[in-house]
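I have a structure I would like to understand better, so I am pasting it below and will then ask my questions one at a time.
For clarity, chains are labelled A, B, C, D and E in written order, and residue numbers in each chain start from 1.
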Amino acid sequence: MFAYIVRRMLHMLLVVFVISLIIFFSIRLTGDPVSVMFSTGEASKEAIEAVRANLGLDKPLPVQYAIFIKGLLTFDFGESFRSGMPVTTLIMERAWATLSLALGGIVVAILIAFPVGILSAVKRGSGVDFFGRIFSLVGISFPNFWLGIMLILVFAVYLQWLPASGFDSFQHLILPSITLGMILSGILARLVRSSMLEVLNQQYISTAKSKGISEWSVIMKHGFRNALLPTVTFLGLQFGSLLGGTVIVEQVFSWPGIGTLIIDAINQRDYPVIQGGVIFLAIIMVVVNLLVDLSYTLIDPRIKTGKEA
Amino acid sequence: MANVQSTPVVEKQKKKSGAVKFFAFIRNNPIGVLGLLLVALSVGSALLAPWIVPFGPTDASLTARLDAPTWQDTTGESQYFLGGDQLGRDLLSRIIYGARISLMVGLFGVLISLVLGTILGLISGYFGKWMDDFIMRAADVQLAFPFILFAIVVMSVLGTGVWKIIIILGITYWVGFARLIRGQVISLKEQEFIHAAKAIGGTNFTIIRKHILPNVLSSIFVLGTMYIAEFILLEASLTFLGLGVDPTIPSWGGMLADSRNYITSAWWTAVFPGVAIMLTVLGFNLLGDWLRDRYDPNLKV
Amino acid sequence: SGGGSEQGQGNTKKNESNPVTDRGNEIVIGVTAEPQNWDPIDTFLLDWSTVANSVFEGLMERTLDLELKPGLAESYEYLDDTTLEFKLREGIEFHNGEPFNAEAVKFSFDRLLGEEGQKGPQYSNYTSIDSVEVIDDFTVQFKLNTPDPVLLTKLAGYGAVIVPPKYVQEEGDENFNNNPVGTGPFKMTEYKRDQTIVLEKNENYWQEGLPKLDKVTFKVVPEASTRLAELQTGKIDIMKRVEVAQADSVKDSGFLELKEVGTPTVYALRFDTAKAPVDDVRVRQAINYAIDKTAILEEIMGGYGMPISTFQSELSFGNNPDLEPYPYDPEKAKQLLKEAGVAEGTALDVYIPGDDGNFKEIAQAVAFYLEEAGLKMNINSVDQTTLISDLIPNAEAGHMYRMGWGGWTLDFDNTAYLMYHEGEQWNPSFKDEKVEELLAAQRNTVDQDEREAIFKELTEVLYELAPEVNLYQAVDLYAVNNRVKNFQPPHEDRLRLEEVTVE
Amino acid sequence: MDIKLLEVVNLKVGVNQDNKEIPIVNGISFHLNKGETLGIVGESGCGKSMTSLALMGLLPPGVDWQSGDIILEDMHFKNFKNKDWRSVRGKKISMIFQEPMSSLNPVYTVADQIMEIVLNHENVSKRQARVRALEMLKLVGIPRPEQVLDEYPHQLSGGMRQRIMIAIALACNPEILIADEPTTALDVTIQAQILELMKEIQEKLHMSIVLITHDLGVVAEMCDRVMVMYAGEIVEKAKVVDLFDSPKHPYTQGLLESLPDINKQMEYLSSIPGIVPAPGNMPIGCKFSPRCPFVHDRCSVNPPLFDTPEGTKVKCWLYEEASVKKEAVL
Amino acid sequence: MLNTDELLRVEDLKKHFPIKGGITGKKTVQHVKAVDGISFDVKRGETFGIVGESGCGKSTAGRAILRMIEPTDGHIYFEGKDLVGLNKTEMRKMRKDIQIIFQDPFASLNPRMRVFDIVEEPLINFGVKDAKERRRRVEEVADQVGLTLAQLKRLPHEFSGGQRQRIGIARALISKPKLIIADEPVSALDVSIQSQVLNLMKDLQKEFGLTYIFISHDLSVVKHFCDRIGVMYLGKMVEITGKEKLYDRPLHPYSQALLSALPSSHPLQKKERIILTGDVPSPVHPPSGCSFHTRCPARMEVCSTIEPLLLEAESDHRVSCLLYQETETRTG
């Protein structure tokens, strides 16, 4: 087990290192942060050169990379070109918003997908199944920005039940979570359905039924518990990408998350923030995946990660 | 001993009339039929666009700007069935033409990622060892790299346009195919008929080509259908972030993104392209779901 | 004509009740973004000034009518071409209680021109200042190394605001970034990055009876449709950046008012004059004739914009009101193109930023007009930053590209020099000797009349050379809840809130 | 000795396809006596498992109970609601399955799985249920039962798992145990262990066993009476000795002859030509006729079960004359 | 020295599957000793049977001979040539002469290939270029195994288990091999079908002079079909002899138990059973000494320390059990 964790950590380091390389060099292909800085305040060529030198952008790339890596080792991603704030501070400020949105999305997805998926599987081929499947597919058939705007129109503007944007209270979390969760729930419901179908065909389900216990007990206790494994894997993977992949939802709902931070940074070519943000997300993603793997041991006693080949 | 799978119930094939079979098919596969219909609708629009549109998709007429749909119009001036857009172009015609971009992005994007992912997945799964390690680590990196950032990097190196979007989607989503195929290959590899193929003197190449590929094809196909749906949405999202296709070319994503500020004043500009996307994406998803149930019930996501 | 928009404009304001009921003597303003950093020498963003204009003040200030007048200074006087003396107002305190005096002024400029400031983007605007000297507690002198005709304007700019020396030195830079302290009518009491900024009344403000509001909250809502939703539901009182597309919705509402104001920002499609066929001045003129800019302004921009004849706004010093924009004359355009030997159907590449919805529509309309004239136009929508930082400077932005220009000094010098002087960052290809000559000439004098004459000539030359299709001067739209009184939108994003009251 | 415990009357189970009933189990009747072991043999797909699942009310979705009845004491299973089934399952009738590897739920401990059935049917505390679980493990001869209680199925071997399945099945003292190929997936040495165990327990608890198998050796070893099934029908019912000594039905004969006999040496095995027909694709008349060496004209009509003088019942026209009396066919 | 009678000789064949672990996941921490040093020889035209319980390494041994899995150690002499030394291409060619039939008739045929293509494939692989020739040979072999020409056009799922097994046999037969390894070819089949397949295999053996290695867990089938038999337990050969000797007088206690565990063929014939206690130990940690000692009813003290060798106990009857071996000679 220990060896396994260490091994995963090594993988993680490798992935993070490669990402640092790619991110570092690729963003430098996309344009110059200094001319962006001046694109609204006007400046001469000399002024631009001077600022560039100040930011250390005149040094040869390998030197810049070495500086970046050195900082990385101490979790110091440098300071934002745009605001001068330490990147670590910027990221940490947003971590909570991002986390709560990702969790909110997952909770909504679970609330929708588990009942739909389970019912669909249990009543396979029936009307319930048909509508459950259509419903979950409709959920993933909207562009998410459109869905978000529509939700705002309906629930914030016309019905005035919920606030449209911001990050102050639980109520603010509802609409963005639904937007995010709808999309997730479509995929999740499908997954729950197919895992349930698979599990319900297993011999031990017959065993459980032959004990004379109630249908519901068979489905939940014996069926669902076993169908949980692929579901947890999926949610783990999703959680990782949700942390960074919610840009559009964040944008629509003015959610101060890491996705927005990175996108803004990209728009400003704020290299340190891009680098820091991307690497932070990469680390989170790998760590979450590791945690998911470890959580298998809780759900499924068969899996002894330590013995994995 | 005998641990034989039960033989499936096969109804003795009697000659049935075509119509009966057709209706039986519809009744037995409502999901698939609905999906097929929706997909056919958008594919039909894309192919037949020049012949079925009532107006030119780029014929702007600033005087007809934001005309209401004819059936909603009170002034009696509007001649557009689904209304006019911000430049007074016929929304219906643009939606019909828009199918072209969406489908193109979907189909070609999937084609690229499919070919790339399949090749890498086959290599990774079949040969294992360091090649597997290498490809899977590359996949990890690809997954951890934010898509939007990747899109911006590629676009600033290669420029923009439909084909750039297609390329970006293609080279981002290979991971999905590669992982799927790798998993399947790894379990296929242990199947007896693969051992058999080796035993009768097959080379690695023959085995992959003749025995492995045909057996992963159905899952590839299923995932492909689902990715088409996803790509259509991603094109819209990229457009929302300002990285879309040339705005004169009618695209659903573009129409949606550009019309979001008119939602309260001219709802049709935002609603109809949204419905078009939704129906098409739903169609592909239904189709994929149905195919999966039929050909590949074990495929996860 | 448009059924939709006219229906909307039926002038029947809906009888909705104002959703804002329980907010006291305070207002909430919805803005698109915030600068992340409140240090004046670190910023170049309009978004900074929207908020910070209420927190910081400079020696000079620009009124809402763009007139320059002394701010923290009582008066000023040019002792000679390179010495400028200010008398400071007495009895002013920073929000933290520190006194405002000559030391503070000197400190602020030393900081701007010193190591710290050189790292930031503001420094380059103030390089003509050699040093600032304290004459007595309330008198300072600016020593210049070269005459600077726009220095006074610049002293009303972001970088030149006065900061509290002790606070900055003792609390450190990072703290100042997040908790700015100035002399302005409001003090910042709360700042949540990318979410909200809360300003509260500065009780000791030096102007008697001001400000009138107790509290102003800025809420960051980047997505325009969401911002409008917030306004419609009364979550905000003032919405900055109303999109043209949203104007009707605002006007329809019973409790909202649309306010428009001209800005110095101008938009054009600039030509890359090195590329055929637009290297031919006749082709450039033809394109100018081919486009019905009035129709674009009226229809797409809903009339929210003003025509321009050269690449500057009517607010700019050097604008030539005698020049009429190129008229819409498709016949002439075709004829010119023929003369220039441009084949029917010749394709032009046009680059526009993908995130500007309005301009996308404009570009499509332009494409439509050019098609009428026999030219084909390929629109490439690219990431805004790539366009500005990469494509334009490297002359890779096709035959034409969108250029927007803030012109915040309100002096054509800044624009013209950077746009037409050979070798500047955003001028990859334009080159004309006469233009160079005139540009140099206006820089060599501080005599404003003389400069005006030179600019007049320059604009005429540029008009003929047509290095761009000048489209319009932007109009900023603000939507304001009826409960807010005395709000006057600023020309250049710098909100003035001290006179604002609520009902 | 012969007290009828369970009676199956003309049971018909099948699938409905395109509004047509395709039988899988086609009208079989039999009874089970108290304390006896009834064997059901037949080739793969002949409907053995469906018959046993019908007894438990566990027919898979899509497979319907089409007609007939099962009678246990005064209960008519035909009229059962879900609730009634639940009171029978595990309490009156228990079942063990072919695949010991997959018939236990991998995520619960052995104790959990045994206690579940006890708690379900009996009004006992958890503690008592656990005590019962331990007793059961001892009964089925699990070594170190205390530890095994808290282990998970994957930690046990196939033989142990099958013992646990038996423990679960017997936890509530059912009157009938249905064992659907309980040893097929096990090795011979383990099979011997399990069969031995079942015999022992039957003696101890006096229950009736329905033993389903395709292995005639197991039948010979275990059963009192046997039914031979072919294509959803019972083709022969006999005492086990009679069946082996003088098999009547040509299918039974073929089956016995095609077994390689460890005591005899022959060059070739005799074999039954052809293959088992699939449901929905059944021959007309006697289902075995296409493979039967004695096929003749009569075989185009499905024969009833004839009683032979030996007391065997056999479904073949060859025994029409010899039959004492006909069993009614519906 | 080279016995012309001898087609195949296996010497000390080992296959240890590594279990990976450690920090990098590359280090081998343990081995599954699936086959742990077995030796036997097979004569031309005979049928050599391998019996044993599940997991004892029968299939692994079969596959290692074909080098479908690389043996860890040992030699495999086929017609005097050591297969272990051959490179991949040479080995591939060699497979023309050694073929295999698999247990699972459902899994061993590619579900997406037509029967004709399945049967034809070895010919393509072994370089028969002429399509007509190939067709002729496919039809010929189909006829021999009892498939009709019409059936050749179908897909495997349209066949029953027995028919599928015929397809597998046809595929193995078409390259005219000298040796066929049959890995439980009838275990998955019903009795009535099983005898059809066994009869077919016997016919073919007579017709083509085939040599079989016949792997099975069913002692009665092995007795019926094989000439000489090896009994495997936990990766080792514990007894090798002709079938009469084995069935009449098994020497190894395991063989004895195995035979006695066989259900009787008649209800009245009650046998004296040797019921083994416990389960087969894991091949990762095989018991020390004689690997059967944990379950052996005739266990002696030495059994847990001294590993018996497979030695001739009587003529043509080798057994690996200390009951028949002078332990003193071994300890020295």
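Here is the rule we go by: a residue touches a chain if its C-beta (ideal position, glycine included) is under 8 Å from a C-beta of that chain, and two chains touch if they have at least 3 such contacts.
Going by UniProt, the chains are A = Nickel import system permease protein NikB; B = Peptide/nickel transport system permease protein; D = Peptide/nickel transport system ATP-binding protein; E = Oligopeptide transport system ATP-binding protein.
Bear in mind that the values here come from a model prediction, so they are computed numbers and not experimental data.
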item: Given chain B and chain C, the chains that contact each of them; value: A
item: Two chains sharing the most C-beta contacts; value: A-C
item: Between chain D and chain C, distance of the C-alpha-averaged centres to the nearest whole Å; value: 88
item: Chain B and chain E, separation of their C-alpha mean positions in angstrom; value: 49
item: Chain centre separation (chain A, chain B; CA means) in Å; value: 22
item: Chain centre separation in whole Å, for chain E relative to chain C (CA means); value: 86
item: Overlap residues in chain D, where contacts from two or more other chains coincide; value: 43-44, 214-215
item: Contacts with 2+ other chains: residues of chain C; value: 225, 383-384, 386, 390
item: Chain B, residues touching no fewer than two other chains; value: 1-4, 7, 152, 156, 241, 257, 260, 263-264
item: Interfacial residue positions of chain E with respect to chain D in the complex; value: 53-54, 160-163, 190-196, 198-199, 202, 217, 219-221, 223-225, 247, 257-258, 260-269, 273, 275-276, 278-280
item: Of chain D, residues touching chain E in the complex; value: 43-44, 143, 157, 159-160, 187-193, 195-196, 214-221, 223, 240-241, 244, 254-255, 258-263, 265-273, 275-276
item: Chain E-touching residues of chain B, taken from the complex the two chains share; value: 1-5, 7, 191-193, 195-203, 206, 210-211, 214-215
item: Contacting residues of chain A [partner chain B, same complex]; value: 11, 14-15, 18-19, 22-23, 26-27, 29-31, 130, 133-134, 137-138, 140-146, 149-150, 153, 157, 186-187, 190-191, 194-195, 197-198, 230, 234, 241, 244-245, 247-248, 259, 262-263, 266, 274, 278, 281-282, 285-286
item: Chain C partner contacts - residues on chain A that touch it in the complex; value: 30-48, 50-51, 54-55, 80, 82-86, 90, 93-94, 149, 152-153, 156-157, 160, 163-167, 251-254, 256, 260-261, 264, 266-269
